[in-house]
Every structure is written in C-alpha cells, then in structure tokens.
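Per-chain numbering from 1; labels A, B and C assigned in written order.
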Amino acid sequence: MKRMLSFVKKEFLLILRDKRTMLILLGLPVVMILIFGFAISDDVRNVDVAYYAHRENILIVKVMERIGANETFNLVGRCGSLREAEDALLSGEADIVVCFDDEFGAQQPIQGKTASVEILADASDPNTASTGVAILKNVMSRYYMEHTGNESLINPHTRLLYNPAMESTYNFVPGLMGLILMLVCAMMTSIAIVREKETGTMEVLLVSPTKAWMILLAKMVPYFVVSCFNLATILLLSVYVLGVPLSGSLAALISVSALYIMLALSIGLFISTVMKTQVTAMLISVITLMLPTMLLSGMIYPCENLPLPLYYFSMIVPARWYIVVVKKLMIEGLPFIAVAKETLVILAMFVVMLALGVKKFNDRLE
Amino acid sequence: MTGLGVEIKGVVKKYGTLKAVDDVSLRVSPGELFGIIGPDGAGKSTLFRMIATLLLPDSGKITIGDRDVVGDYRDVRSVLGYMPGKFSLYQDLTVRENLDFYASVFGTTVGENYHFISDIYRMLKPFEKRLARHLSGGMKQKLALCCSLIHRPQVLLLDEPTTGVDPVSRYEFWEILKRLSADGMTIIVSTPYMDEAYKCSRMAMMIGGKVIKEGTPDDIIAGYNGKLWKVSGREVYGMLLAVKAYCGVVSCDSFGDSLHVVVRDDIEGLRSYLREKGYDDVTVEATKPTVEDCFIELVRDGCSDR
Amino acid sequence: MDAATDNVITARNLTKRFGTFTAVDAISFEVRRGEIFGFLGANGAGKTTAMRMLCGLSLPTSGEGRVAGFDITDEAEKVKRNIGYMSQKFSLYEDLKVWENIRLFAGIYRVPDREIPIVGGAMLKRIGLADVRDNFVRDLPLGWKQRLAFSVAILHRPKVVFLDEPTGGVDPMARRDFWELIYEAAGSGITVFVTTHYMDEAEYCDRVSIMVDGRIAALDTPFELKKRYCTQSMDEVFRTLVRGEGKKGGARL
C-alpha cells in the first residue's frame, strides 16, 4: 500500500510539474465549453430586429418602439416587402423580422380575435433565434396587455427558418463530455506510460519487485482524479454558465461517467502497450479516438445519418453510447433504467479493453 | 555482504535475422567488477536486458546465484540493481524525490539504507531540491547509481553508465564502483571506453554480438601477438600516412601523440624509411600494448579470418 | 573572414546568461583557418552553449563573435549557411537511403543540382561507401554513419565544421578512420571545431581549449599543455584543471 501511495504521489508530481500538459488537461474543457457555449450563450444581446407592415399604424410604431427600448434588441428598420424581409434575414442585416398583418392595430382589436403577427427568425444560430423570439414575444405581450388590459391577445405565429428542428442546441455538451474525457484519459495515460518506456524508467520499474498491474494502476489513478475534476468543471459550467438543464439523476450521471472514464483509461493503457514512442502514441490516439469520437459518435452528425458501414462502425465508438446516456440522463431527464443498455455496452467495452491491456502489458520488454 | 555469481551459457538473441547476441558464455564470480567492453551495436545492451530479466534469450541459460532469469525472474529481480543505458531518472522530480521514489519501489526507505549510499549521496546532498533535469551528466549518473543501489542489491548491472560523461566524472564513478566491489557486490558494467578496462577485475570484449576475448586486463594484454612499437614525432598525421604507405607495416594506429606500429620484419627498416621520408626527429621505442591495441588486433584478425 | 589574421572563428568576451546563471563567462579565443580545434570541458561547463552561439543558433547575452567572416549576432543566417554541423545524436535521416541523404543535405546547403552527383559520388568513393549508396542509413554500422555524416556536413565546402562528440560509442578502428577524415578536411582548408570526451583524441587536435565553469581554463597545443602541467597525457591535464577549478569554485552542476 505504501508503495502504491508513493507511485501515485510521483505521478501527481510529474503531472503537476509538467505545466503545459497541466494547462491542456485542465484548460481544454473550460476553453471548449466556452467556445461552444458562446454560440448558445443564454446572454443574448444585439439581436437586430426589423419589421414589415403593409400599412403602418400607431400601434405598430408603439410596439416597435417598445421593442427597440429593450436592451436585447436593436431596431434596424422597416422592410418594404415580405421579400425584403427575407433578404434582410439572409444577408444578416436582421436576425428577426416582425411581420404585422394589415388588421394589426387598424382599429380597436376585434373582440375574441387575436392580432395577427408573424415573427420570422434566422435560426441558423438556434440559440439567438429561440431566445430572441421568446423575449420578443414577452415584450410584445406585455405591451399589449398594458395597452389593452387584455391578456394573450398577441399570440404571434413564429417561423424558424433554416434550422426548424433546432437540433444541436444542447447536443454539444454531452458530445464534449464524451470527447474531453476520452482524450484526457486515453491519450494522456498512453503518453504517460510510453514516456516512461522512452526515458528508460520503465525498465527500472519492471526490474523492481513491483507487480506490473500496480505500475499500471498507479498511472491511472491521477488521470482518473483529473478526469473527475474535468467532469465536475464541465457539469458546473454547463449548468451555471450555459444553462443546460440537469433534469435527471446526478448520481446516475456521475456513475456512468466514472465508468466511461475507466473505459477511456483502459483504452489508453492498451494503446501504450502497443506503442513504443510518445509520438506514435499521440498519433494513434488522435486517429483512433479523437476523430471517431468527433465524427462518429453523434456529437456533430447524428449517427442515423451515417452511411451504413460507418453506422455499424459507430457501434464500437465508446463516446456514441456515452453521449446517448448523458443526453437521456441530463437533458431529457429520463430515469437510469432508460440507459441500462448503453451502460451495459460501456461496461462490456471496459472489461474487454482492460483484459486486453493487462494481457498485452507483460512485465518484460517483449 | 557477499554478492552472487552470474553465469551465462550459450545465450543467443535474434532480432529477425540479426543475431544481436551470438552464443555468449561468461562466468562472473561473486564480488567481481566485470567489464563488458565494445562499441555501440556490439550487443551489450541486449545482453544486459536478458540478465535483467527484461528480454528472454532465444536459447541458452542465464543464472544469478542459483536463480534462473527466466524461470525465477521474480527472485532475480529482488536481488538485482539495474541502471539502463539512459540514466532512467524522472526529470521532473527532484534529486531527493527520485531517490525516495525508487526506495519505495523496492520496498525500502532512504533512511533504512542511507549508510549504504552515503558516500555517493554526500556529493548530491547540496542539490537535493534540484530537479533531475537540471543536473549535469556526472551528477545525473551519480544519482542514477544511488537509485539503483538504494535497495542494497547483490548484483549490480550498469549499462554504459559513463557514456557521454566527462573524464573527471568518469574517474570518480569508477572509484565508487571499485569501493562497492571491494565490499563484496557483484558488478557487471559495460562501456565503449577501452581505457576503462583497467578498472575491472575481469572483462570481456564484445563486437558483433560475440565475445571475442575474456580475461583480466593483464591476461588480455599478455595475449597480444605482435611486437608493438611506439613511434613519436612532431607531425603525427603525416607520419601516419607515411608509415601506412610503408610496405613492411602490419598495422599502424594513432594513439594520442604517437603511433602504435607493428612491422613484419626488422624495425630498423622502418627507422631508415622514416628518415628517408624526412622525419628525422622520430623516436621509435618498444611499448606495452594497451587494451585498445588488443581490441584492434582481435577485430582485425577476425576480419581477415572471414 | 578576417583577411588580416586569417582567423575563421573569433570570440570576444562571449557571454551567455540564463537568468542569474552564467553558462558561458566572457570567453575569448581565435581559431585559424585549417586548424583542428579541440573544445573540451566537463559536463555542464558550457561547451554546448558556446557552440550553439558560434553556430548562430543562440544569441550571446554580451560579447561578440565572428564565424566564417560573419557576425554571429547580426548575420546568424549567413553564419549558418557557411558552416557545417554534425553531432552524435542527429546527423542523418535514418529512414532515407545514403544517396537520398546526400541529395537532401546538398540541396539544403545550396550545392547546385548538377554538381551533386559529381561531388556526392566522389565523396562516397573517398570514404569507401560507394557500394551502399542505395542502402538505408539505419542499416549502416555506427562508424560508417558517422563517416558519412561528416562527409555530408562538409559537402558544401564550408569554411568551418562543428563536430559535437562525433565519435561517442564508435569502435576504436572507426574512430581512427574518422579522424583521418578530419585531418584530410583540415588539410584542404576546412577549419574543424570538435568536442570529445576521448582524451586521446584531444591529442590529435592542433590546439585544445579546456572549459571549466563557463570559462576557458587553458588553451594551447596538447604538447604545451602537457609540459605546463608536467604530465604525460591530456587525461591528466584535464583532470588537474577540472578538479583544481572545481575546488576553487565549489562543486558545480
């Protein structure tokens, strides 16, 4: 046990003193979350709003004034035609165009008839679109209520152009978790082990009475800890900065994540047993882990859309299963039982990889 | 303390078609300071790794005491200290952290065995808190030695510990090895520097995977066949070319400020030849061969046999 | 080149500091054209740092130096183009064939294309490697590799060639073959600046400097040095100097 502790201590010291690696290990998740999060940041500002009205009237002017006064929006002007409205969206002059019907505000609204307003939004940036539209509706309703004392008379019809299904809004958080944990654990573990082969320290460790599995376990512990830290960072940033819901069981999410981390570590271990230099370990990690994790896991493209051979190949990409788990547990708020299948797949992969790794890693140099 | 003997019998190790170690047999007695001398690529490191249980011989047998390096490799590892070719330190750990770590790897503590390494560690003590990467070659080498000694091994394997190390550090290092050997530890050390052969009690010369000669340095020198002449003068390079062009010369090699020459017949012929060529300040005298002369002779003879 | 003095390398109070640590402490020396200059010193004495400055790879903190007629501070690029460099660790591409290496390095050093086959072929013949021109460098014995690396380093006829421990680990015969190449190059007017840990090789140099603690502790012909320190060999000269200075300056890392 004492031996184990000193191994772990050494490993931590080495990680902590390698400033660059440290920066990558801990900085990467933060940077990635922030870069991706910028696109869907809750804090929507400077949404350019134009409007179209065939015949302008005082109510329309008042409503638009109120919208312009809101800190979220910039009033960019009036479009001459529906055609112009769409052009404004396409060219990016406007993010949202409010189209007023002729009846809107023409006279006192007819009892029981809702005012006709259509909101066109450029949803290629889904976050700005959805948030902008929500705030816009709110502003309009409030104005209308104050003005007429009548609730819900404005019930605008919203059309989201260019990305109607609003895919990928929260998708990147599970994807990013799958990617970061895989990279940090697998790549860093494999490089750390191979580095000791390169510097010759592994030879001395092997010749010592220390058992091989202990050397490996000691390598994994610090990266497990760092990964747990990363997991916490990602979850905290996602929930508190990006406002991604955490609707399911946190305990279940953490448990499956821990399992996934262990799977990643065992993959790293396996890679390290096959590779001889840090450079090849790095390359192999990138090719076999990073690219499939990004492209074949559903992180960027839905797996369902993949060509058939790649679809089957995606079955062996660990992140594909993990991302489903996180989506279901975190965003959809489903109970643990809903991810039982995925969890079992990850568990099975872990057992297989670990067995392979330990079998390959013998306590000799060949 | 008494060390253990090491016996190597008919060991072969192949990489593909290349025989890295080719039928090597050696016997190292307990407490010996045994040198394995040969250039890069002679198979020294492969041999060391087989002794250190890290590689399996294709054929042959190696025993340490009565433990077989293949069958009883766990037992072997507990009595072995091994310092691989590269200094095998953690560059990002300090001097003291490296030592502490290796101590615990071998299930001991620095405190427990400090007296054993204190002689060497005294020199490192002032730099305990310095990262290993900031040590000079000589200091790294001493620290690596401390690390491989901290568990009081009975057999110490040092693979080229002095390569790339300056002459003063090398000298000090060999003094340390001599002391350890005098205390009874069995030490096998490899080196590409022929002059270090004299520090060993016995040695083997290796080239191309084979041991071409084994014995005490004196034995090896006594086995030198030719009659060696030392030719010295002002312009050594010119003289070297001149002597090489002389028809009666068997071999001529530069040794520092002079030439070591073996002639076929009478040395007077060479004397007068050199005078003719205008080298009139030349002194020619009989000299004792060095281990390096022996190595060169053995390899040359080996080449002409083939 | 300083025409008046015929010096190929001139160092004047060349100094390199890393933070508070002075790696090279105001060294001054000259190396003449065609000279074989041995640059010795203990590990960590500052040899590598000094050599890097002379090769234009690192800027001096203070002092000045001229190599092959160019200032190492202001004309580093020209310096690099007019020198050859070879070290024990890196010199040739192991995964390229002998001839491919020659073509590559000749190209890097701007040997005109049509001259490469002539110069390269003659060079291979001279060092006895013409038969292996289509072999991979990794398959050659170390001694051959080093001979080839040296010949490649001087293929473009530089004014000076820097050799960093060129014979480490090489067998005794190959070492001597290598030195014959050095003599030959020096005879043809190429200045050779060489570091080594083999003290018998120090004897082969025209002049030798011994660095201790960032300074040049002694600089003279091997003969004069041995006379001055009343010893038989350069090994003893070296030990006397390094030990003596070591005591004065305290143990050094």
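The rule is simple: a contact is a pair of C-beta atoms (placed from the backbone, for glycine too) under 8 Å apart; a residue touches a chain by one contact, two chains touch by 3 or more.
Bear in mind the structure is a predicted one, so any value in this text is a computation, not a measurement.
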Without chain C present, chains still joined through touching come out as one piece
Set B-C beside A-B; more C-beta pairs touch across B-C
Whole-Å distance, C-alpha centre of chain A to that of chain C, is 55
For the pair chain B and chain C, the C-alpha centroid-to-centroid distance in angstrom is 26
Distance between the CA centroids of chain A and chain B (whole Å) is 59
Chain B residues touching chain A in their complex are 49, 52-56, 74, 77-78, 80, 82-93, 97, 100-102, 104-107, 131, 147-148
Within the complex, chain B is touched by chain A residues 2-3, 6-7, 10, 13-14, 17-18, 199-201, 203-210, 364-366
Chain C partner, complex, touching residues on chain B are 38-42, 123, 126-127, 130, 134-139, 160, 163-171, 192-195, 207, 236-237, 240, 253-257, 292, 295-296, 299-300
In their shared complex, chain B is touched by residues of chain C numbered 41-45, 88, 141-143, 165, 168-174, 176, 179-180, 183, 197-200, 203-204, 222-223, 233-235, 238-239, 242-243, 246, 251-253
